[in-house]
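In what comes next, subunit A is part of two complexes: it sits with subunit B in the first one and with subunit C in the second one.
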Partner chain A sequence: MLSQAVVKRLKEIVGEKNVVTDKVGLLTYGYDGTLLSGEALGVVSPTTTEQVVEIVKLMNEHDIKLVPRGAGTNESGGTIPSEKSVVISFTKMTKIHEIDTENFVAVVEPGVINFDLQVELAKKNFYFPPDPSSFKASTIGGNLGECSGGPKCFKYGVTRDYMLGLEVVLPNGKVIQTGGRNFQSEPGYDLTRIIVGSEGILGLVTKVFVRILPIPRAKKTMLALYDKVEDASQTVADIVAAGIIPTTLELMDNLLINTTEDFTHAGLPRDAGAVLIIEVDGYQEDMDEQVKTIGEIASKIAKEFKVAQSAAEVDQIWTSRRSAFGSVARVRPSYGVNDITVPRSNFPKAIGGVLKVAKDFGVTIGVVAHAGDGNLHPLILFDQRNKEETETVHAAEQALCMMALDLDGTISGEHGIGLVKKKYLDKEFTPAAMEAFRKIKRSFDPSNRFNPGKIIDL
Partner chain B sequence: MGVLQDVYEMLNTCNKCGGCHTACKTYKLTGAETMVARGRIQLIKAVADGKLEPNQEYEDAIMSCLLCGECAVTCPNGVHGNELVMAARRDLKLKKGIKPFVKSFALNTLASPKRLDMGFRLFKGMGKSFLNKIDGLDYFRGIDIRNFPTAKKPFLEQVPEKITVQHPKHKVGFYVGCFLNHALDQTAHSVVKVLTKNDCEVIIPKDQVCCGLPQYCYGDFETAKKNARKTIDTFLDKYSDAEVILSACGSCVAMLRHDYLKLFADEPSYLEKVKLFCEKVVEFSEYMEKIGVDQTKLHNSTPLTVTYHDPCHMVRGLKVTKQPRQLLQMVPRIEYKEMFEANRCCGAAGLIQAFYHEVSTDITDQKTQNIKDTNADLVATSCPACMLRLQGGINKVGQKQKVMHVADIMANAYED
Partner chain C sequence: MSNVNISKLKGIVGDAYVIDSPSEMAKYLKGQGKPAVVVLPASTSEVSSIVKLANEKNVKLGVGGAVVDTQGITGGIAMVMSRMNRLLEMDQLNLVAVVEPGLLHKEFLLKVAEFGLNFPPEPYEIETSSVGGCFAIGDSDSKSFEYGPTRTFLLGFEMVLPTGEILEIGNKCIKNVSGLDFIHFAVGSQGTFGIFTKLLVKLLPAPAAKKAVIGTFASMHKANAAFNTLIKRNVHPTRMNLINASLAKNAKPGTEGQLVIVDLQGFKESGKNIANEVASVLTLGGGSDVKIIEEGAEYDQVINGWLKVRAELNAKRSRTVEFVVGPMKMPQALAQLEALTGDLGAYPGVIVEGLLGYVCLALPEGTDKLDLATKVNKLAMSLGGNVKGLLGHKLKADVYNDAEMWKQTTSLLNELRQQFDPKGILNPGVSLEA
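Up next, the complex of A and B:
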């Protein structure tokens, strides 16, 4: 428990309402999108950088750890409170300071919800490309902490590619600014890119300079339907081999088609083995040519290829895709999600690997993938209440990670390492590389105060 | 334990994806995880698992839910957060009873026609003039009580039990509901006018009571059932010639049509009768659209811009959204403008506006801003509770729009 003195001081810093210490409040900040949970000593929600600085100093005086948190939708356990820690929730730092369309920059606070930013940008005909499936709930701070991806990554890259600069409160309470509104990289170390994806273990971001883009003039959304998921993966490889870069190249298998269809009624055929959602954007004049080329490639294998006819139809398709994770509890109450990623050309092999793991371990796996990136999300479905089954699932997850590494891939494409994948990190990196990680962490945070226990153990 | 065990599989189906964050107004405006479906569900589950003993903070989390149902629509897993909250409220009622204040002032008064009548008479007679004397008390917990309308005498005392027309084509039983009876009697008259202008004979039973929704929402199923049984018996036994049972309150209709079935699910001997009743229940705009309105009889010379607010029970309870908009647009010289988030809660949410007034005031302020952005002269809606809340909210921020029931706007377009 936090001492009365600390609670009093926290309330002085952020105001009475922005401090939670009761059991009910703490319970609701103990979980995220994973099956893990923990309990913090308190939750504090600052509204300014100055308050964050004061909180960090106070916690240092009392040797209490800080666990940063946005919306708590992550899939890696990155916001699960560890022992003797206070959760610092950024959901009340929601200002959009500036949208600078001349310089393609927006300046926002970390608690701004990705979707809310998109809405404001759209009014000026701009958008922020990183669009993780959770974008209606997740925050910019959380997106940058995990270096989130999203369907548009294939053409546009991940969150890291849109971070121009950050204001960061360091573990010693000092504030630095990295980068800024300039597009050229900053002189010296690229600290922005070290902080992005560091899952809150190096510093607390209090202001973000993001790169924004004008909304493309035109887009087309296509669906290719397959008998088997392996067939769909072959089209992915063929499109990439032909040197075409669609905006998105998303895959869902039969299981996900059905669970999302239960929710959205988008009209995806329930008997299809897999669907590819392919979107292209650019100038109106280019659309027909691109659709034609992709149609020709897909039709070699697909049993059906069609172009969405209305904006409403496109919306429905994307609602389906975005609700894929959320919808699987219709089948079984618990799921474990991986974000293993392989080089694009190895995508069909990775799909084969996933199917093999499902068979070898006797588990149900639904496959959804940012196929263009080679980024797979095998969702293993089970019931956490069944201990034996849970053990099997953990073993299957490990097998999936090993399979990806064997294909020159990585254990995590976009969800972060957090607690869930920490045990596999040294399978991907050599001891020397792991030591380099630790040295960077120690140089920022020698006392291990920020989000301890995530990514690496010191 | 039983109530929560019954919904345990649904509790366990929430996989904490956070999709409901975008749906939940109480979360959007507070940023507090105890105020969103995901948080509430995890708390209810903790109680079901015996890991949490219900305390004041838990009650606040459960009681501050608007029951607007938007989370249920948004959840990819089909988890109905509002139903789980209802189960938690029932569980709390069984374990701890209902707080005396809520019970005596709100629920018991509403449930009894006599007490409700007396309450309104008192409010009219003493309360209102007393309140007017206190400076700065224009708004009690964000509710515009100084302008809170009261009927001169209850609507049910103003009208005969049967209102006939020259060439009756339909026979309609009118379930008036508490708000139209005691506060917005003009709207009740509008409903009758629109019905009679469309060749409906209107039957208005005098001995009708509160539908039971307020009590049901606080877990007091016993009182809700008592009122439900009275309502069903009144309409089916004494006025069985009514082809339909019509109400102009979306919330009442949702209760009469859907929740009565749930209330009596454990009483098979009575359930058949309940089903018969539920099938006869219609909402005003739904019925008018169904029987067809003769547009040539509608006259209006003043150009008006109108926007429509979807009450929660209309849009998510009954899934009626098109009909009220269609009816409005039948009136000549009305320009219809859709507002942003028309289908989101206005902040009234039954008694939430009184008990959790800070968050509900913020919700209402957002709504009035959305109304302002349409430049509308009139706000139409289909629920008296929303009408009062919206008008109060509009008055509070000094806007000029008038809030009317769809029936009022239509009634004005008929010659007397």
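Up next, the complex of A and C:
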């Protein structure tokens, strides 16, 4: 429990209503997108950088750890409170300071919700490319912390590629700026890059300079249906070989087609083994040629290929994909999300590997994948209340991670490590690389004050 | 005089690859420092052994692709990576290449082209730049608006740390957020975290069509106004560059006035239309001799002209001032800059990367660099930018009157460096102070 003196001081810093210490209040901040939970000593929601600095100093005086949090939608356990910690919630730092379309920059506070930024940008015919499926709820600060991806990564990259500069409160309470409003402002070392994806273990980000782009003049959304998942992955390989870089190559298997169909009624055929959503963007005059090439490639194997004819049709297709995670809750009460990624050429093998794990462990797995990136999200369906089943699921998840590593892949393509995948990290990285992470952590946070225990232990 | 143990070095790499006669060493060196020896390793384990030896004897070690900067390594070892120049793998399915660091950038580009692929980063120096150097410098360039900065193209590496240990990281996945992002953090660290011994490079399919539009302008201002028109029209070429009259002749012999080079890499259909649009905007904006270049050899000539000028400026970084503003603020920036520099056309060198809002000024003899940079930084900050890099950070902190922030930044940088290189052995000429 926090002492009365600390609570009083916190309230002085951020105001009475921005401090939570009651049991019920704390409980709601103990969860994220995973099945883990923890309990913080308190939750504090600053509204300015100065307040963040004061909070950091106060916590340092009392040797209390800080766990940063945005919307808490992450799939890694990155925001689960650790022992003797206070959660610092950035959801009240929601100002969009500036949108400068002429110079391709927006300046925002970390609590701005990705979708809210997209809405403001869209008014000016601009957008922020990283849009994880959680984008209606997740914050820019959270996206940054986990280095989120989304469906457009094949062409546009992940969150790190759109971060130009940051204002950061360091574990010693000092404020620095990394980068700036352009690609050329890093101070010797690329500090922005090391902070992006660091899950708050190196510093607390209080202002973000993001790169924004004009909405492409044209886009085309296509849908291909297959008997088997393996067939879909062949189309993916062929499209890339043809020198086309789609924005999107999203795959859902039969299970997900059915669960999303129950929910959205988008009209996907329930008997299809897999669906591939393909999107290209660019100049209007280049669309026909690309669509024709992709159509020829897909039609070699697909049982059906169609091009969306209207914005409504496009929306319908995307609603299915965006609701994929949630839709499985109709089948079983819990699901475990995995984020394994393999080199594109190993994608068919990874699909085979997932089927094998499902069989070996006797678990139900649905697959949704960013196929162009080799990034798979096998969803394992189960009931968390059943202890034995839960343990089987954990074992299956471990098998999935090992399978990805055996295929020269990674245990995380876009969700981050947090607590959930931390135990597998030394399977992916050599001792020298693990030590490099610790050197970096020690440089920023020698006393292990920020989000301790996430990604690595000191 | 020197602690370098020549015979041990010879034992590691073989007699032929340890050079200690000053006359033979010269072609591998640049700068004023006087290293005791040049050594050319052929493998990762040789690099590791050399670094361990340097640690034992507390000898400074500088590394370069074909040529080593000798600053800070007097009496020490200059390591040249040119024997580690193999293309180890070209993986077309995954659009990835595995290369050794000493492979020349220009040779890598030829190989990549043979496979119908594209490696966008520009060479820092046309003839001698290596792929290892490309990522060690890790800059952005005039194509970064479209393709992203250099770091975008590194997926992993093998590195010999300053203590001699070998670190491998990364994989062929184009999406990877596992662990801390040491992969991209190492890019641009100028060999202070370690020596690249293998690089896992991301490639792209080659663009279906390439075209350039060139033209000359009587004034820098008119050319920039034309750039703004293009941005307003939502036209974002691959490159949109401007070279002032003094340098334009080096890029394209016989040029009178300021030279505009617009590079269009993309698809055939849109390429045609955009080239026409760019050409008319340049002509209406006051450009003369505006020309669309479609033929391959002529296109290469134009682009190489740009790279040549770019490399000339890179070669004298101590005598240039680089700054960035918002791209649409460039006309204001140049107008205000002229109050400091006089006529920009006649200035020894000015290049503008229009899409990125970047300017590089080659200083006339006798100009006080720091003084000019300080003034330029104030100007740039009022237009949403700053002087580039570490110097820019110091000048920004000065403007904020925030000495503490500067102190905090440099102490963090030095702490990071020291964590990796406790004895301060590797590339001591790289300064993290401005």
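Criterion: the second predicted complex is superposed on the first by the 456 of 458 C-alpha atoms of A that agree within 3 Å, B and C clash if a C-alpha of one lies under 4 Å from a C-alpha of the other, contacts with A are read in each partner's own complex, and residues count from 1 in each chain.
In the analysis below, a contact is a pair of C-beta atoms (placed from the backbone, for glycine too) under 8 Å apart; a residue touches a chain by one contact, two chains touch by 3 or more.
Remember, predicted model here, so these are calculated numbers, not experimental data.
Enquirer: After aligning the two structures on subunit A, examine subunit B and subunit C and state clash or fit.
Expert: After superposition on subunit A, subunit B vs subunit C: fit, no clash.
Enquirer: May I ask you to decide whether A:44 touches subunit B, subunit C, both, or neither, giving the answer as first, second, both or neither?
Expert: In the superposition, A:44 contacts neither subunit B nor subunit C.
Enquirer: Pick one for A:73: touches subunit B only (first), subunit C only (second), both, or neither.
Expert: In the superposition, A:73 touches subunit B alone.
Enquirer: Which holds for A:22: it touches subunit B only (first), subunit C only (second), both, or neither?
Expert: In the superposed model, A:22 contacts subunit B only, not subunit C.
Enquirer: Considering only the touch criterion stated at the top, classify A:439 as touching first (subunit B), second (subunit C), both, or neither.
Expert: Only subunit C; A:439 stays clear of subunit B.
Enquirer: Once the structures are superposed on A, label A:154 by its partner contacts, choosing first (subunit B), second (subunit C), both or neither.
Expert: In the superposition, A:154 contacts subunit C only.
Enquirer: Could you look at A:413 and tell me whether it touches subunit B, subunit C, both or neither (first, second, both, neither)?
Expert: It touches subunit C, and subunit B stays clear.
Enquirer: Looking at subunit A, does subunit B or subunit C touch a larger number of its residues?
Expert: Per-residue touch count on subunit A favours C.
Enquirer: After the superposition, what is the least C-alpha distance between subunit B and subunit C in whole angstrom?
Expert: 21
Enquirer: State which residues of subunit A lie in both footprints, the one left by subunit B and the one left by subunit C.
Expert: In the superposed arrangement, which is not itself an observed complex, subunit A uses no residue for both subunit B and subunit C.
Enquirer: Where on subunit A is subunit B touching in the complex?
Expert: 20, 22-25, 27-29, 31-33, 45, 71-73, 89, 91-92, 94, 111, 113, 115, 134, 136-138, 259-260, 262-263, 323-330, 333-335, 385
Enquirer: Which residues of subunit A touch subunit C in their complex?
Expert: Spelled out, the residues of subunit A in touch with subunit C are 100, 102-105, 146-147, 149, 153-154, 157-158, 160-161, 170, 174-177, 180-191, 193-194, 196-198, 214, 217, 237, 240-241, 243-245, 282-286, 289-290, 341-345, 370, 373-375, 408-417, 421, 425, 428-430, 432-434, 436-437, 439-444, 455-456.
Enquirer: Which residues of subunit C touch subunit A in their complex?
Expert: Within the complex, subunit C contacts subunit A at residues 91-96, 116, 138-140, 144, 148-149, 151-152, 161, 165-169, 171-182, 184-185, 187-189, 193, 204-206, 208, 231, 234, 236, 266-270, 273-274, 322, 324, 326-329, 356-358, 384-386, 388-390, 392-393, 396, 404-405, 408-409, 412-413, 415-416, 419-420, 432.
Enquirer: Could you list, by residue number, the parts of subunit B that touch subunit A in their complex?
Expert: The touching residues are 9, 12-19, 21-22, 31-34, 39, 42-43, 46, 52, 55, 57-58, 61, 75-79.
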